[in-house]
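The following pair of complexes shares a single chain, chain A, combined with chain B in the former and chain C in the latter.
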Partner chain A sequence: MRKHLGSRKTRSVLTLLILAIGLSIVVSACGSSNKSSTTSGGGGGGGGSSTTSQAADVTKCGTKPGVKATGTPIKLGAIVTKQPGTDFTDGATMADAYFHCVNDNGGINGHPIKYKWYEEQTNPAQIAGFAHKLIQTDKVVGIVGGFSIIECSVDHKYWESLGIYELDAGIAPECWGTSNSAPPNMGPRYSSDGAVQGVVRAGAKKIAFDQSNVPGTGYIVAGPQSVAKALNVPITTFKDNVPIQDANSIALKLVQAAGSDGGVVLNFTPPEALKILQAAQQQNLQDRVKAWACSTPCNTDFVAKALGTQWDGKLLVNAELNVTDNNGPQTRLYRAVFDKYGSKVSGGLGSFSQMGFVMAQQTVMALESIKGNTYDIKTVNTAIKNLKGFKTDMLCKPWYYGQAPLHIPNNTDYTTTPNHGKMVIKDGCIPINAADPGIAKVRSIEQKDPSLSQPGTTVPGA
Partner chain B sequence: MPSWEDFKPFIITGLALGGVYSLSGVGMVVLYRATGVLNLAFGAVGAMGALIAWQLINHNGWSEGPAFLVCVLFGGAVTLLYGLVFGPPLSSRDPLIKATATLGLTLVLLGVMDLIWSDKARSMILPTSNNGFQVSDVFVNYTEVIALAFGIGVMLVTAIFLRFTKTGTAMRALANDREITATLGVPVRRVEAAAWLGCGLLSGAAGLLLSNLVGLDAVTLTFLVISSLAATLIGRLRSITVTFIAAIVIGLVNALVTPILSISQYRDMTPFVLATIALLVLSGRRGSALSGRAG
Partner chain C sequence: MSAAGATTSRSVRRVWLPRLDAGDRLRAVIIAVLLAFIVIAFPQLLSGYWVTVFTSVTIYAVVALGLGILMGRTGLVSLGQIALLALASWVGARLFFATGLPFPIVLLGSGLITMVLGTLVGLPALRLSGLYLALITLMLAGAITVVLTATNFPNGGGGFLGHVETDRGAAAVRRPAIAHGDTAYLRYTVIVAAILFLIALIHVRAKPGRAWAAIRQSEPAALAGGVNVTLYKMWAFALASFLTGVAGGLLAADSGQLFITTFPTSDSITLLAVVLMGGIYSLWGAVVAGLLMQFLPALLNNWGVNADWLTIIFGIGVMQVLLTAPQGLVYQFPRDMAKLGRRALGLVGRVRQPARERAG
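Right, the complex of A and B next:
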């Protein structure tokens, strides 16, 4: 009798265990809830602290220093990925910080920018819903500062149908391969191309390439494969689920695949890349290959600090944007805005927040070019589309939008490396290899219309 | 198929990971046996303890030893507090409700961690990770050794504790029948509190080791408990020894599958696949035994 009761109890416990495990997975997959954030005119939060102490003048954000904008708000929106293992909110929060700064210094012809973004979890229906909500409910007139894994794929036709020219950063091929999307960065594919070029320059004769197992991996890996082929270097590719739970095994796998004369290239968000690099360090694997490299996300001082000095000069990061402590006027303003308005930028100074800052500056530049006082979908997006020759010290060469079937205006990159807790420039601007078909096409577009990438517009700096 | 030489390093990483899974598994089994509660907050408590230690070291100037101690004590304190507050009112409820309540604690802690520390990259390297020794051409650091040794130690000490101490005997009695045990004069609340405290201390220690072996990331550490749950499932929430062995096997298989490229990306399924196989085998054996007895 007791045995019978025991097995019945066991059965019920096992049932609840399976339920609990299932529920845990659901909770894990959901991560943070759909969250939106809004900015109204006026001051942003204080706080945040940059790694540099050089003071800069945040009043340079706007045309009327110290005068708060009080006119009718210009509503802008974005969609951003935030889920376990992938947090892209730094782009939107930094754009938000810059808009706060602009609003505190005259706004756009007296109009404050009201910025709203939604956080998604790689769910197409959810993303499409947010896109319609931004236009129909929130009445935004521009989509800027978005940073998503699949948003470009899901929404690009909708934006095209409305005549919206999106300023975004992302992962999906449509971010760079369609007419109505132009990012300030080159994205994981072309940045990974640059990282592959980096390890080959360091002498690697074989490459192990690993990336997070998220939608779009096939598109991304095609770039490094084409570049490696052009450079006559064999490449083995992997993808691993995030969040990574067994970094030690992954680091071992990659080192084995690369071999002693090879190089390892990682394409992960900073926390995930850090897990693999630290696992390599703890197993004394960092010197077992010729070189380690990362795509852009590793270009953050948090990674450099967390890694410690053992990786100084050993990790090559393809940086789509300049280092955060360079002394150019736009980067000084970026740091100043981060210090005063960037308390919500959880990742600190780094490539994600730099992209948000650049997109915000591009947006403001476009808005300021509008003649008259009408800020609707048509005027705002025409102004965004007409942007060209946008020169900032954060990018290797002037950025442009223009009318084109694809947009990869950032196609020349820096290479950085950790040095005593900071990322420093190792190699200056190096063009991404045109063996990648997308890069070849965009170089052809630039050759046909050289004015696109000629320096032309003065960007605010401090 | 990789060669034996390729597999060797993965044995080390698998054993270390399995050792820490076993810590979590043993802690959960002991608590379940004493209180009937399946503690799904085990990972979240450990994760938060590790993040607090990181905060104390990097932002408050604490030295590592006291910060690590705070991590372990935080695990004990939070789990004990939860047990004292929610244990008695939930004691007569269904196991599913008790487990779901701990999921509530998990979500609260996850929210707090997200609010305070966000997702940015950070690390906490234990001093023992900087040193180690070579086994053939494989480098073994002392954290990996500690993880496995600690897992074995906890299993042995817990088994001895449950069998030979008064409190351990009381815990086993509680597992059989809470009401009868209470009528025999066993201080039920005190015994349950001891189980909550022990489970919490183990969660803190596991969080500390896993933050080093896996990474200091709230979500990852919180849901690593799933691998341990699979081990406790194989141990049928009763056997500490089987739970320990299952945890080691899960860690090992998970690691050893990594270099086999054709199935490498599916290795996260290891805990569930092994748990399912074990349950099917155990159910089959029980069915055979019962039919044999009937015959």
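Right, the complex of A and C next:
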């Protein structure tokens, strides 16, 4: 290009550039406003709609069937991630659906639950602002049902300073490693631990572990490394930038690293994991190792359908929650509530909305345990902190909160596998290996107070 | 003082401190009163949420100011300003964790280091312009994002990178002792931003501003007129980078923790859009751009409207501004309001006249 451009020419180029930018922004905005983003479909263990739903009684949500709650509202809030490519609103929208169901059936001692959540775009200042707004302006008394990429990192000190015990489905390490946060899920690190255990059970003598190159990879990989070491299996770790550009070479690299008696473990979002698995399939690599495994995000029928039957029984997925078409009472109620109240749950039935449902049930159980008629930050959060023995068919073992420096109450998981386009249970509940220091600490807490994970009050189910 | 010294002093004053006329002095008084209101009274009127929002508005107004100087004053298109802000935040956070230096010194250090890095980024500007320069800066922004994704932001760890992976909560970037709370930090940020705007104003009203205007109009003409094009182009990049560098330091201390997800490359395009909408030829346009970029999404979120709609609104807004008011909202809005007022008065006059005639 010539160095000197006439001013008119420069202006023309600038105008063209600006018009192009304007148009591209409009076009990209149209794309990003689409709710069915790839991420929002991920993580589900069931289908997109409740086709398997049996007739279930939604009046089981509350204590006074058919009686609308009309008392002073109990205000609860949450912060969830929603940005182009990442939509975690299903947890909050499903929690909202359950709260509506509760309000239509007596509420909490006659009080309806008023639920408000804010959608953030992984901006720490924005998240901190929402936290202040929920407390100072909206006057919420509990933070429940959130699902955010970095909210735990940003706000945990604020919640601790206020005595708030957050119920959140987390992503950031602080969701499990701090005193005032207890998620229903176990997150990428411990789920990857479970996936490593899965391929070792399948006979792998060597492991190639690959994950997306995003913040926190060092923290995540430490888990699989400690589990592999405890199982006497060598592990080679990789991280790849997402979106993946060359899945063929990644698949080849992983298979070569694992060897014919090894296993490949992936920790990616469903679309990215799918790229690697499909690339392996195209190169006939799926049988070149003993086993393939994935952390929780692969536990979705979307992956099972896209892979086809060639992977049936060969891909092992560590699933933090049960499949959505199981016939347990809480899952039946979940599907019924979804059918009647879940119009805002854009991702349909799946892990994300399951987590929202579990958190909502935990919240209601805590609120119903409050003696008297005072629902403020102190009473509500004391009740949440005292939760224990929460038994649901969506989780392997009873969930608890309790006073502890860290919380990983979901530490025993299912293993699922594709079967004719659906994810089905392959192995029942298997504890995550305590070679991971976080799990070891939690087991020690559970041993000191066995009542935490003993089944307690019956959780509503249909 | 010697005669030579006095002459030099007068020359420096003529270059850097142009004479203010009565209008300028009136404007300065109004701005001073406005600033005093924003620093003293305004934060008291806001809830905690809006305090954090307006802190972000102030920081992004400074970033927009940098882009305005590059594009509006010098005609250099940059699509890498948000990546530069990420780099500046990294530098600021690293300095805060690595040193116990006073807050303003760290801000200055962050500005100066980013200035050096940003000027290096601007080197291609000596050879390129227009679409090609935009493309180069966009690619560079992508490269910075890739590197920062791999290295992460400092959070109190050791070594050069200063990052430690922990599940117990990382350390937060410190704030100045006099502005530890959110409200005090908003005031602090506004004062720092005011100083930066003043620095920019001095540049624009003095010799560099005239040189940039000449370059923007026509590089050959500027060269023929004796303007050192290379020097003043690099100067523009250096000043814009310095402003972004200080803004990065402020941002690091505002949020306490930094994540690469806060700085998507696409935000550089959004920044360009809001700077164009605000008005690239005016310093006030940067304030409008800051409001559009940070206040508007917060307002929509507050109303329960998805902030994704803003990308559509900004797209339409850019086209509207280009077609009807290239000088931006900062000129268009008052002009249109005045027009509307005149029409309203005219309408009232026409209604009253027949009434008077009937009465007469």
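In this text, the second predicted complex is superposed on the first by the 393 of 462 C-alpha atoms of A that agree within 3 Å, B and C clash if a C-alpha of one lies under 4 Å from a C-alpha of the other, contacts with A are read in each partner's own complex, and residues count from 1 in each chain.
The rule is simple: a residue touches a chain if its C-beta (ideal position, glycine included) is under 8 Å from a C-beta of that chain, and two chains touch if they have at least 3 such contacts.
Note that the structure is predicted; figures quoted are calculated from it, not measured.
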Chain B versus chain C as contact partner of A:341, first or second or both or neither: neither
Which superposed partner A:209 touches (first chain B, second chain C, both, neither): neither
Partner chain in contact with A:84 - chain B first, chain C second, else both or neither: both
Touching partner for A:238 - first (chain B), second (chain C), both, neither: first
Partner chain in contact with A:165 - chain B first, chain C second, else both or neither: neither
Touched partner set for A:248, first chain B, second chain C, both or neither: first
Which of chain B and chain C A:282 touches, first, second, both or neither: first
Touching partner for A:173 - first (chain B), second (chain C), both, neither: second
Partner chain in contact with A:156 - chain B first, chain C second, else both or neither: second
Common interface positions of chain A, toward chain B and toward chain C: 7, 10, 13-17, 19, 21, 23-25, 28, 32, 84, 213, 241
Footprint of chain A on chain B - complex, ascending: 2, 6, 9-10, 13-14, 16-17, 32, 38, 40, 94-96, 99-100, 103, 106-107, 114, 118-123, 125, 129, 132, 139, 141, 143, 212-215, 217, 219-220, 222-227, 229-230, 232-233, 236-238, 254-255, 258-259, 261, 264-265, 267-268, 272, 279, 286
Chain C residues within the chain A interface of the complex: 47-53, 55-56, 75, 77, 126-132, 134, 146, 149-150, 152, 165-170, 172, 182, 216-220, 223, 251, 254-262, 266, 269-270, 272-273, 276, 297-298, 301-302, 306-312, 314-316, 318-319, 322
Residues of chain A that touch chain C when the two form their complex: 1, 3-7, 10, 13-19, 21-26, 28-30, 32-33, 82, 84, 118-119, 121-126, 128-130, 132-133, 136-137, 149-150, 153-154, 156-157, 173-174, 176-178, 213-216, 218-219, 222, 241, 406, 438
Chain A residues within the chain B interface of the complex: 7, 10, 12-17, 19-21, 23-25, 27-28, 31-32, 84-85, 87, 213, 238-241, 243-250, 252-253, 256, 270-271, 273-275, 278, 282-285, 300, 302-303, 306-308, 346-348
